[in-house]
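Order of writing sets the labels: A, B, C and D. Residues in every chain begin at 1.
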Amino acid sequence: MTQPGRPRLRVPEPPARPGQSPRFDHIPMSPAGAVGCPPIDVDPADTKPFAYQLIRILDDAGKAVGPWADYLGNVDADVLRRGLRDMMKTRFLDKRMLLAHRQGKTTNYAASTGEEAITCGFQRMLSPGDMNFPTYRQQGLLVASGYPLEKFMGLQFGNDLDPVEGKNLPPMISARDYGYFTISGNLATQYVQSVGWAMASAISGDDKVAAGWIGDGAAAEGDFHSALLYASVYRPPAVLNLINNQWAISSFVGIAGGHVPLACRAHGYGLASIRVDGNDFLAVMAAAKWAIARARQGHGAILIEWVTYRAAAHSTSDDPTVYRPKEEAAAWPLGDPIERLKQHLVAIGEWSDERHAQAQGEVEEEILGLQKLAESHGTMIGGGSAPLSAIFEKVYKDMPEHIRRQRQKAGI
Amino acid sequence: MARMTMIEAIRDAMDVKMTQDKRVVVFGEDVGYFGGVFRCTQGLQAKHGKERCFDAPINEGGIVGAAIGMATYGLRPCVEIQFADYVFPAYDQITQEAARMRFRSNGDFTCPLVIRMPTGGGIFGGQCHSQSPEACFTHVAGLKVVIPSNPYDAKGLLISAIEDDDPVIFLEPKRLYNGPFDGHHERKIVPWSQHEFGEVPEGHYNVPLGKAVVRRPGADVTVLAYGTMVHVALAAAQETGIDAEVIDIRTLLPLDLETIEASVAKTGRCVIVHEATQTSGFGAELMAVVQEACFYHLEAPMIRVAGYDAPYPYAQEWAYFPGPDRVGRALREVMEG
Amino acid sequence: MNQRSCKALVIGAGPGGYVAAIRAGQLGLDTIVVEAERPGGTCLNIGCIPSKALIHAAEEFESAKHRAETNALGISASAPTIDLARTIAWKDGIVQRLTGGVSGLLRKAKVTTIHGTAKFRDGRTVEVTTAEGVEIIKPEHTIIATGSAAVELPFLPFGGKVMSSTEALALTEVPKSLVVVGGGYIGLELGTAFAKFGAQVTIVEAAGKILPQYDSELTRPVAARLAHLGVEVMTGTKAKGLSPDGAGLVVTQADGTELTLPADKILVTVGRRPRADGLGLEAMGVTMERGAIRIDERCRTSMRGLYAIGDVTGEPMLAHRAMAQGEMVADIIAGENRVWDKIAIPAVCFTDPEIVSVGLSPDEAKAAGHDVVFGHFPFQANGRAMSVEREDGFVRIVARKSDHLVLGVQAVGAGVSELSSGFALALEMGARLEDIAGTIHTHPTRGEVVQEAALKALGRALHI
Amino acid sequence: MGEFRIRMPDVGEGIAEAELVEWHVAPGDMVREDQIIAAVMTDKATVEIPSTRTGKVVALGGEVGKAIAIGSELIRLEVEGEGNIGAEEPPPAARAEAPKPVPEAPKPAAAPAPAPVSHVAAPAAPAVAAIASPIAPRAEGEKPIASPAVRDRARKAGIDLRRVAGSGPAGRITHDDLDRALSAPDGGVSSARPGLRAAATVKEIKVVGLRRKIAEKMAISRSRIPHITYMEEIDVTDVERLRAKLNAGKREDQPKLTFLPFLVRAMVIAIRDEPVVNALYDDAAGVVRQYGGVHVGIAAQTPTGLVVPVVKHAEARDLWGCAAEINRLAAAAKSGAATREELTGSTITITSLGPLGGLAHTPIINHPEVAIFGVNKMQMRPMWDGEKFVPRMMMNTSSSFDHRIVDGWNAATFVQRVKALLEEPAMIFMEA
């Protein structure tokens, strides 16, 4: 009992520090199939309970159970196999890019190990013309959209394959035709922009959906508030995704006000929100299908809290063992997204260990082939080969006189 | 030819573009039903519908952030920040996002956006309704910064800004909204209807961005000014009898280098006038540009007449506001050199 | 895509380009030269050298015809014939030897030659397209020496019977009738040659006189000789286009009336334009001036590290100017402190008789505000001229009245082109009339006339 | 076979070095591409480094615990095909593609070209360097006449030919003209009569202690230059009579003498006693530069306004030389043909309103000079010669001095010396 009557500053601490054993009991969980599936035009106030539960379909045996499974319906096995392959490709791409960083071939990268189901599952539910507003950790959306990865690596290696000609920090690529908005390193700015984009869709009489993406850390930014405010006031077709992977570099979610489930934040704005197991591929597809349909049919915006765990380091210049237990990732109660989907596919007789090993080999061969091609155009070890004149081009639509003079003096 | 105040000219510009181009949308605080605290958007919602002219929550970061999303979608938003003094919560979105959208995506996404804001002093607005923040934007590559000094230019420049494919910061000197002002606050206000530049053609016309204009040709000294200071400079030239060539810069970024350099090369002397505070003001950039191009033509050191380096005061308005006497003294001083 | 860097990249191996490359190589700079056609450029392949060879052949043929008639020398010979194809072959032999020589000199100076066309990707990256593919060169300095090309009249495009000087220098038989559009030096040089080969030649010039850059005192002997050769000169006449049946050339005369001139061949020589297109210069924002690349007194363009020399920088389009610029720019790149400060550039026109002009003519000198004296001495009074049956023409010297500084020397006459370098040396050395008058000139030569002209300007001529 | 060097990559965004924590391979081991070869620690993280080539370990870059600088050799492998040791591959961070600087500056050996005479009256020469050459250069636009060889040599030596007098015909500059210019720092003075040598010395006096105190005190009292004006009358009867006689007997090629040449010569001699007045005061740098050369500015009224043509090195010109130069400059100034060099570079100024001279006036010093000699009108006045009033031709003079530098005593001595010389014109020739 603290001394009554004396205010003390409360500084939240994570459940476990290095050397302690991992604990996750502070995270509200639900058994698979336990959470109901409301109609897509449900009144936002009625979605309040979902913020304290967790939508899950795959049970511990890998079987699909519960009302959300029924809502999803049976999914063609090829779609699931495609999802599994996309997740494996994303994970191996991350591994290769981290290795390339250690070799000096690239200078910056952020892996999304453990979170692949959210992006690879969500992308399956989007339609052509929809637009993702990603952060630097949603490369799974790009892999799942079929984007030519040698161009992605071109930006990493700073060579002439790079579609943005060396102008942005890797991995912040831009791919409008693949529904992948140009990434900004300034946190949360894209979140309110996604709502504006959705408003434009509504104003133009289209039914295109905007999918905003943000991490639990950046959800503390002012732009997060602006996004939810505009989403609730103007009810545009926007799905606001909040990936709660427990860590923002070295700050656990409690520092961002995560002692209350993040999905609750929608309640203050009268926005609908649901909370979903991010490592359950089927739950991801179901929740995405539900939210995108709600938005596309004009029932207003939705906030989805995807609960998962950042298994990798924040980026190439971070070592998590300094601030959290080494084995915390392995102890994550909701398991690994690839393993759980593999287990489910095997359970329904659509997959096997041999086919999995075969697929892993094919994925690695494909990524290594693309990396060799990309590296043949040069890497950052030589200082990169992006054209120097790109510095002066596309600052404005037409190059003004003062920039032309600066270029003449530079001689490039 | 119709006669308009600057407010009516600005409203007319938005009305013409909203009628011509369905992609043009207008939103901001109190701009919808009410028509704007300075009445700049009066009647637009009634004419063009709630989906293209609507009020926004008091959240400038959201106004500009949402507008950027719309611009990348393909619309051409023209949003209002109620006072230039309130633009800073949106400074992150303007400088880190709008200004860089085309460059960082290498042309994949562009941001054809206009952000209008009433600017400048002379109305006893104190420190929160009188600031001139142009230098905060002219330092950002990728933005265009425009400031009209009369209704004719206001309409032509705003139409060009809405049609421009790059983000444009459109500063409107609120002191000039209803009539020209040359700093003589003791005199009766002359409405735009009795001024040559109050004549504003109906319908669509452009005043090009990136072009300055010589308001008053002269041989002895070049005065670089913009916004309200153009009228103050004209008054100072007239009262001192000095044959000053007064240039209204209109577009601060990108700057019309040819017109400025040609004038100073001719006169050999230069006075720069702006309301904003002097240190690191846009006048410093103008001085650098003139020095680089016209050093061997200069007969005397250049002089800046600008706001004192202090937050904009309230009661001491007329001691602070750069008036014709201060500009006149500068003209005499530069002639002596 | 292989890529290499170098200290100096030269684009174009014409007189300016190959001289710059050789000099850079001699200075130990890692140099690459890119040439789309053959080394030697316009001058060696389709310009100065081949045209002079043809002019010489025509001279010999005309002289032989003269020998077949009764002549003052009492020589008799049968009427000559000419097999133009063999003349052209002989000419091509000379061209081959010279272009081979240039390649040898480049190799000797350890310059890498690439056969291909160059285009700027940016100020420091040049894409060279060769037969084997595309190569990237990253030069520290680049010299653009792409020369000039014949101007084509839109209503008279090259092709078929309409030809430029290039095709004219490859004709294998003498056309019966030849119409030359353009009374400039190229048109008159070739027109005179073909007249001597026996073609019926007509010169069509829009302006009021032929050879506009020389004053009429200098061009009068040429006009006389043309008349003597049966060449018809139509000034104030504009070419309109081929006649409907394509047989002749329709022209509008000074008084507005139209006329169709029969023409087996039509030679269009209305001028040459700088060849600056296709390099990607506009995209880089390099400052141009009336189609030519603008340069300063060190041949630097508006972009740092980028130089331009020769015809591509505009008038005067002369091979020896390009060579002097090339040599200077190579020194500058090697770090020398050099600047273009030549007093005069000699210009020669190989008509019959030849014309030479160095420095200012009397009118130009007066226009430039000088008080001048000048001396004019005709070849009629020169023993040597008489002894070689060519007494037409004169030498004229222009000097400043105050201190007799020589401002310009012009001459017209057979073989005067060989005097041009002497005139240039005089101006460059800052000679005065007294210097020339005080120098013993060999007798009997045409050159004596120069001394006499100087004496005349001093008011103390001897032989007149 | 070739040797391949793997450099320590920058794994920490701009760190300088990383500490070797663990080797995963040893010399002689075979290493496959991408196989982990070592672990290193930065201030933020421990990082495993994979190999970029397959090969046999030849040498390790350092022992465990040693700090390895970014870009230096981490490991050396023996590989098939060619390695990268020969090509001396620079560390990844160092080699930027930025273009190398173009060799702008001329070869250091060449002496810096003389600084163009700055707009302000004072020659912009730094403290001790050669003062602008005395010879009035040719008209601005005219090119100096010299052979290509001479022009090239001059440019390499940093000599502006417009400053070198040409002894050849039509003023052509010969090789030995150039040699003379190269040897004498300020260029030979060809028009000086033998015996009268140009003084090129510059004596530098630091304004410190008392002098600095006075300068600061004076500056407060008056903006920039505290003027002290000293008036005196001079009996010019004798000098006028001499002038008339000389004009009557002069040769055709000698210039017409006005009063000014006499005054200039008198001032040159007086300056020898009071050098302080023939100086320029750079108050910002706190330095007074006293000049050996006497460059006299003659303030002359022209249609376009007041101009000050400058007679350079008056001390090296005799009476006729001064007269010729004054007439030439006056004509050039009136016709507007005077060049910028001819209108700048004065170290002391004469201002004369001639017949309009008035009784007296307070002339303003031609900043940054420290003295100005004002001449008022000549007038026949009755003067007491001790016994009776006799008519004498009298002329008042009003001269101002910069009191920060020139004390009243020096000013008075200077004017009295000029007065004495003008009143005994023979003395001007005796003491020349």
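To be clear about the criterion, a contact is a pair of C-beta atoms (placed from the backbone, for glycine too) under 8 Å apart; a residue touches a chain by one contact, two chains touch by 3 or more.
Here the structure is a predicted model, which means the values were calculated and not measured.
Participant: Return the chains shared as contacts by chain C and chain D, ordered by label.
Facilitator: A
Participant: For the chain pairs A-B and A-C, which is connected through the larger number of C-beta pairs in contact?
Facilitator: A-B
Participant: Find the chain most remote from chain B, comparing centres computed as mean CA coordinates.
Facilitator: C
Participant: How far is the middle of chain A from the middle of chain C, if each middle is the mean of its Cα atoms, in Å?
Facilitator: Those two chain centres are 71 Å apart.
Participant: Quick one: report the Å distance separating chain B from chain C, using the average Cα coordinate of each chain.
Facilitator: Chain B and chain C have C-alpha centres separated by 58 Å.
Participant: Go ahead and note the Å separation of the Cα centroids belonging to chain B and chain D.
Facilitator: Centre separation, chain B to chain D: 46 Å.
Participant: Would you kindly tell me how far, in whole Å, the mean C-alpha position of chain B lies from that of chain A?
Facilitator: Centre-to-centre distance between chain A and chain B: 42 Å.
Participant: Multi-chain contacts in chain A: which residues touch at least two other chains?
Facilitator: Expected reply: 388, 410-412.
Participant: Two or more other chains in contact with one residue: find those residues in chain D.
Facilitator: Those would be 97, 99, 102.
Participant: Find every residue in chain B that makes contact with two or more other chains and list them.
Facilitator: Within chain B, no residue touches at least two other chains.
Participant: Mind listing each pair of touching chains for me?
Facilitator: A-B, A-C, A-D, C-D
Participant: Where on chain A does chain B make contact in their complex?
Facilitator: Checking each residue of chain A against chain B gives 131, 133, 163-165, 167-168, 172, 174-176, 181-182, 184, 186, 189, 192-204, 210, 222-223, 225-227, 229-230, 233, 390, 394-397, 400-403.
Participant: Where on chain C is chain D touching in the complex?
Facilitator: Counting only chain C, the residues touching chain D are 123-124, 140-141, 304-305, 333, 335-339, 341, 343, 400, 403-405, 428-430, 432, 434-435.
Participant: State the interface residues of chain A toward chain C in the complex, per the touch definition above.
Facilitator: Residues 387-389, 399, 404, 407-412.
Participant: Please name which positions on chain D make contact with chain A in the complex.
Facilitator: 7, 9-13, 34, 44-52, 92, 95-99, 102
Participant: In their complex, what parts of chain A are in touch with chain D?
Facilitator: Answer in residue numbers: 99, 101-105, 107-108, 313, 316-319, 321-322, 380-385, 388, 410-412.
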